[in-house]
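Multiple structures follow.
In the two complexes that follow, subunit A is the common piece, with subunit B as its partner first and subunit C second.
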Partner chain A sequence: MNLRKYLKVYKKFLHTSLASELEYKTNILVDLITAILSLVGSIFLLSIFFQNSGYIGGWKFEQALIIQGIYTILNGITNTWFNPNLTEIVKHIREGTLDFVLLKPIDSQFFISLKKINPSGFLEIMLGFLLLFFCIRINQINLNLSFLTLSLITISCSICILYSLWFFISTTTIWFVKTWNATEVLRSFLYIGRFPLSSFSFSLRIFFSVFIPIAFITTIPSEVFLGLSVFWKILLEIIVATIFLINSRKFWLFALKFYSSASS
Partner chain B sequence: MVKNIIDVKNLSKSFDISSKEPGLKGTIKHFFRRQTKSLKVIKDISFEIKEGEIVGFLGANGAGKTTILKMLCGLIYPSEGSILVSGYLPFRRKENFLKNITLIMGQKQQLIWDLPPIESFYLNASIYDLDKFEAKKRIKKLSEMLEIDEELFIPVRKLSLGQRMKSELLAALIHEPNILFLDEPTLGLDINAQRNLRKFLQKYNNETNATICLTSHYMKDITSLCKRVICVHEGAISYDGKLDLLLKKLSPVKEILIVCRTEEDAIKLENSGFTVKNKIKNEITIKIENNSITSSLKTILNNFDIEDLFINEPPIDEVIGKVLIKKDYVI
Partner chain C sequence: MLSNLINRKIFTLLKVQYSNMLEYRVEIALWAISGIIPFFMLNIWTNNNLNESINVSDILLSRYFLCAFFVRQFSVVWVVFSFEEDSLMGKVSPYLIQPLNPFFRYFAQHLAEQITRFPFALIIAFFFFIFNPESIWIPNLGILLLSIVSTFLSFLIQFLIQSIVACLCFWTEKASSIERLLFIPTLFLSGLLAPVVSFPAYVKSWIYLTPFPYLIDFPANLLSGNETNISGGLIMQILWIFILIPLFKKIWSEGTKKYTAMGS
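Then we have the complex of A and B:
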């Protein structure tokens, strides 16, 4: 793979999608306001849950805010990259415009995963980080190199798992043609990731760890922040993320053999 | 000797197609127990295309023309048979193969809708690993050939269909491909835009010796660009050869309207042994076989007092239409 070429193309992707989005100023403004209100609403909701008892699933409100911060960052990444690109896969396949992607001398997964960006998602990412810094202060977390490295690794793994899950569902469009609902269900499950895994019943915990690994997406990075995480959990998240990423790639290449293009 | 650039042998393609009965009952049945059957859309076809050739694929809707094009450019895996395009197996979509080809579809677009076409051109240039200087040079050259200038800087959504199609062509040709697959490129364009597009394609072929495979329902596209046509009927090739030969074969007779000086001359001509289609006063329409037109006209001009005459070519759409519905036109 020619890294220089891919960087150059990505720079063009950034340029063209920013230019496209900036054509509609009001839309960006509405998106930015929505991002702020969504975060305020989520924190308010969380505070209601903690009003009667100081703990949920063994987590204090201040600790649960870390999960909210990580969720906000992931949601920002979802809105910036996954939502504009991965929902387009369905459109590409239904309308047959995937033909143009497949005939370009560039990796098709790279192209369809990164072609667009939604700049308003950046605000959410920034808000998420601000919330995390706030949590670091109120939870008196020590910022050291191992803490930062582990946080970065676990958050990156969370992004990989989320991307792979979404990409996997979108890829099934090649057979099922319409999978909007499935990606919406995935987004709904992601909302669950705003709460500590231990606040759910045993069966739900198993479900959200094994079948739809939401637990890996927010809870493990949050545990790293609080120094509660154990080594095997971090290792497990790395393994899960790697397996998901590799399989999403293999699944895409396999699915393309069944692509029949839309009729003209 | 000109080498073959496309080599297709015993190619077949089957699709699983589901069918649904009408009405609510049919919809419910279709939802729970979807019945699919394998449909062979391309049936054991073989052909070769030489470098620099412009070949028209003719066929009715659903005949399989687009499926053939999509297999040639590597979008669809063939079920049986082999395809070699420029020495590559298309469905492997190797980088060097993709840099050699392009696909243009009249009904689909790759340009970024909200931005001027120039942005899409530079994006494509980076995908094809062209530097800015080279990209600029090629955009300038192609835009001159296509006669577009200001349109390059207007958002695509505000361009007319003709301007958009020209921009689509430029975006698809920026990497200077050797093989062009065009699927109904003039669809929906007005007569002038169609003519300009054809002019451009002919010029591009002359200048670059690119091979062009074209499907179109506009016969003018085929007659003005393609010397050779491949007729596809229900997934099989019903004719592969020169277009003029096909036209002669399909339409062996020409109609000639003769205006005689007097009605008596017309009566004399009517009784002279020619096949008469009709006669109105001093005007008579006769049918003459293509291979005896010169000698017959000589006889008529020498023996009758003729005021004027018109040779009527049968409408090409009508002639080609015959080949699209019959399978056994093999010359």
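Then we have the complex of A and C:
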């Protein structure tokens, strides 16, 4: 009953935001070229790293490409859903329109996280999948049921962690008001998700698994693809993702207590 | 008389924008932090001993990336985003009436931001030296001055390119997507993520004809004491500025003719 209501609302969200985004058709074309160029650029960078050495952090070039593929998919998801919605929180708070959101008879986190959609991110997601399929071929990975379920589980966990990170940072604007570029800091940290974690020094590796769990976001799913992953790592990722999701919810409810609307 | 007037205008603009910028110190600190990608790249380079293949020592490479960070800090340009917002909101109309090209206003904004950013960049550099004490060096005064000049020229080139893109707002409403497209080659070819010397030969053969290596690679090499062609680099920077200025003037005069204010 309740779920059906939310599905219906989400359909409306999709309809309105797609309609408004598709007005800028050339924009979508430009975004497609941007996505392609950015993938070409990062493969170019990767090829520089591999120019004179066969292995980076124990990963071969073909294997490191899997990370690129997963990163591209996740980046596409970020650009489609997280970025357009969660930067909006800042605007809501600055202009006091969060009041209208809170007054609606619908969950505020649901409304704020899914209201908008940016269709140009789809192209990036597709590019990422193409690259992944290519990688599956050149790395000769057998597709079987357990591999597919495991990779699906780990990638969905990555999406949950990524969403929670974005949501955490955006929620802090309730206190700091004008920190929309905090998401830029997150973006630049996420950038290192393009490379295998083992290619960094020990201290950075610790930092990126404990404080900002980028390790979990791209490296573990890629290890699943290569069949290198150990069971406890996957379990750990599921636990981390659950903790992040639950806490993002709690944090939002906690932050709302401190929200004083624009004129009060 | 005329120059006096211009001086006074520029001075007032700078003062206003500087006090404006000081209000949002946290924001600027966050921007500064979001520029630390070069340090992550350095970590990959040194941790995998990739620098041996390009004959650059660890210390010189770490200086290079530190300088790349600095050059990037002081050549960040966002005029297209400000201009797009102002033009969508109709704020450009009052600016156009004033006897001053509105781009001077944005220019002053950027300079003021750089002044505000300076202490934060220094703090980040300080931390960098704590972790890499062996890479401390003091460039001689002449080199320091030259690299400040070339950083400023790099900023000018990027400011002009973005202003040209911003003028496209007169025709399409979303010029920022074109800027995002142009940012990709800037990111990968300017030397922010990997020094241009490490690029494969098929790229190196044409890259020095484009403006990209003069944006970060050239000033960073100059400041860090890596090998570079000083006079050639400066000449190319100035050449590009002289190519871009008439382009900007042309597109600006065409655009203002095309401009129709809100409601007309």
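Keep this in mind: the second predicted complex is superposed on the first by the 262 of 264 C-alpha atoms of A that agree within 3 Å, B and C clash if a C-alpha of one lies under 4 Å from a C-alpha of the other, contacts with A are read in each partner's own complex, and residues count from 1 in each chain.
Please note the rule applied: a residue touches a chain if its C-beta (ideal position, glycine included) is under 8 Å from a C-beta of that chain, and two chains touch if they have at least 3 such contacts.
Nothing here was measured: the structure is a model prediction, and the numbers come from that model.
Enquirer: Quick check on the subunit A-based superposition: subunit B and subunit C, clash or fit?
Expert: fit
Enquirer: Classify the contacts of A:19 with the two partner chains as first (subunit B alone), second (subunit C alone), both, or neither.
Expert: Only subunit B; A:19 stays clear of subunit C.
Enquirer: Touching A:95, do we find subunit B (first), subunit C (second), both, or neither?
Expert: First partner only.
Enquirer: Which partner does A:204 contact after superposing on A: first (subunit B), second (subunit C), both, neither?
Expert: Only subunit C; A:204 stays clear of subunit B.
Enquirer: A:33 in the overlay: touching subunit B, subunit C, both, or neither? Say first, second, both or neither.
Expert: The answer is second: A:33 touches subunit C but not subunit B.
Enquirer: Once the structures are superposed on A, label A:41 by its partner contacts, choosing first (subunit B), second (subunit C), both or neither.
Expert: second
Enquirer: I'd like to know which partner A:106 touches here: subunit B for first, subunit C for second, both or neither.
Expert: The first partner, subunit B, only.
Enquirer: On subunit A, which partner touches more residues: subunit B or subunit C?
Expert: Larger number of subunit A residues touched: C.
Enquirer: How far apart, in Å, are the nearest Cα atoms of subunit B and subunit C after the overlay?
Expert: 7
Enquirer: Do subunit B and subunit C touch any of the same residues on subunit A, and if so, which?
Expert: Touching subunit B and subunit C on subunit A: residues 24.
Enquirer: In the complex, go through subunit A and note every residue touching subunit C.
Expert: Residues 24, 26-27, 30-31, 33-34, 37-38, 41-42, 44-45, 47-49, 51-53, 56-57, 176, 178-179, 181-182, 184-185, 187-188, 191-192, 195, 199-201, 204.
Enquirer: Residues of subunit B touching subunit A in their complex?
Expert: By the definition above, subunit B touches subunit A via 15, 66, 70, 73-77, 93, 95-96, 98-99, 101-103, 105, 107-110, 112-115, 119-120, 122-124, 126-129, 155, 183-184.
Enquirer: For subunit A, which residues count as touching subunit B in their complex?
Expert: Of all residues in subunit A, those touching subunit B are 2, 5, 8-9, 11-13, 15-16, 19-20, 23-24, 95-97, 99-100, 102-106, 257, 259-261, 263-264.
Enquirer: Inside the complex, what are the residues of subunit C that reach subunit A?
Expert: 24, 26-27, 30-31, 33-37, 40, 43-44, 46-50, 52-53, 172-174, 177-178, 180-181, 184-185, 187-188, 193-194, 198-200, 203
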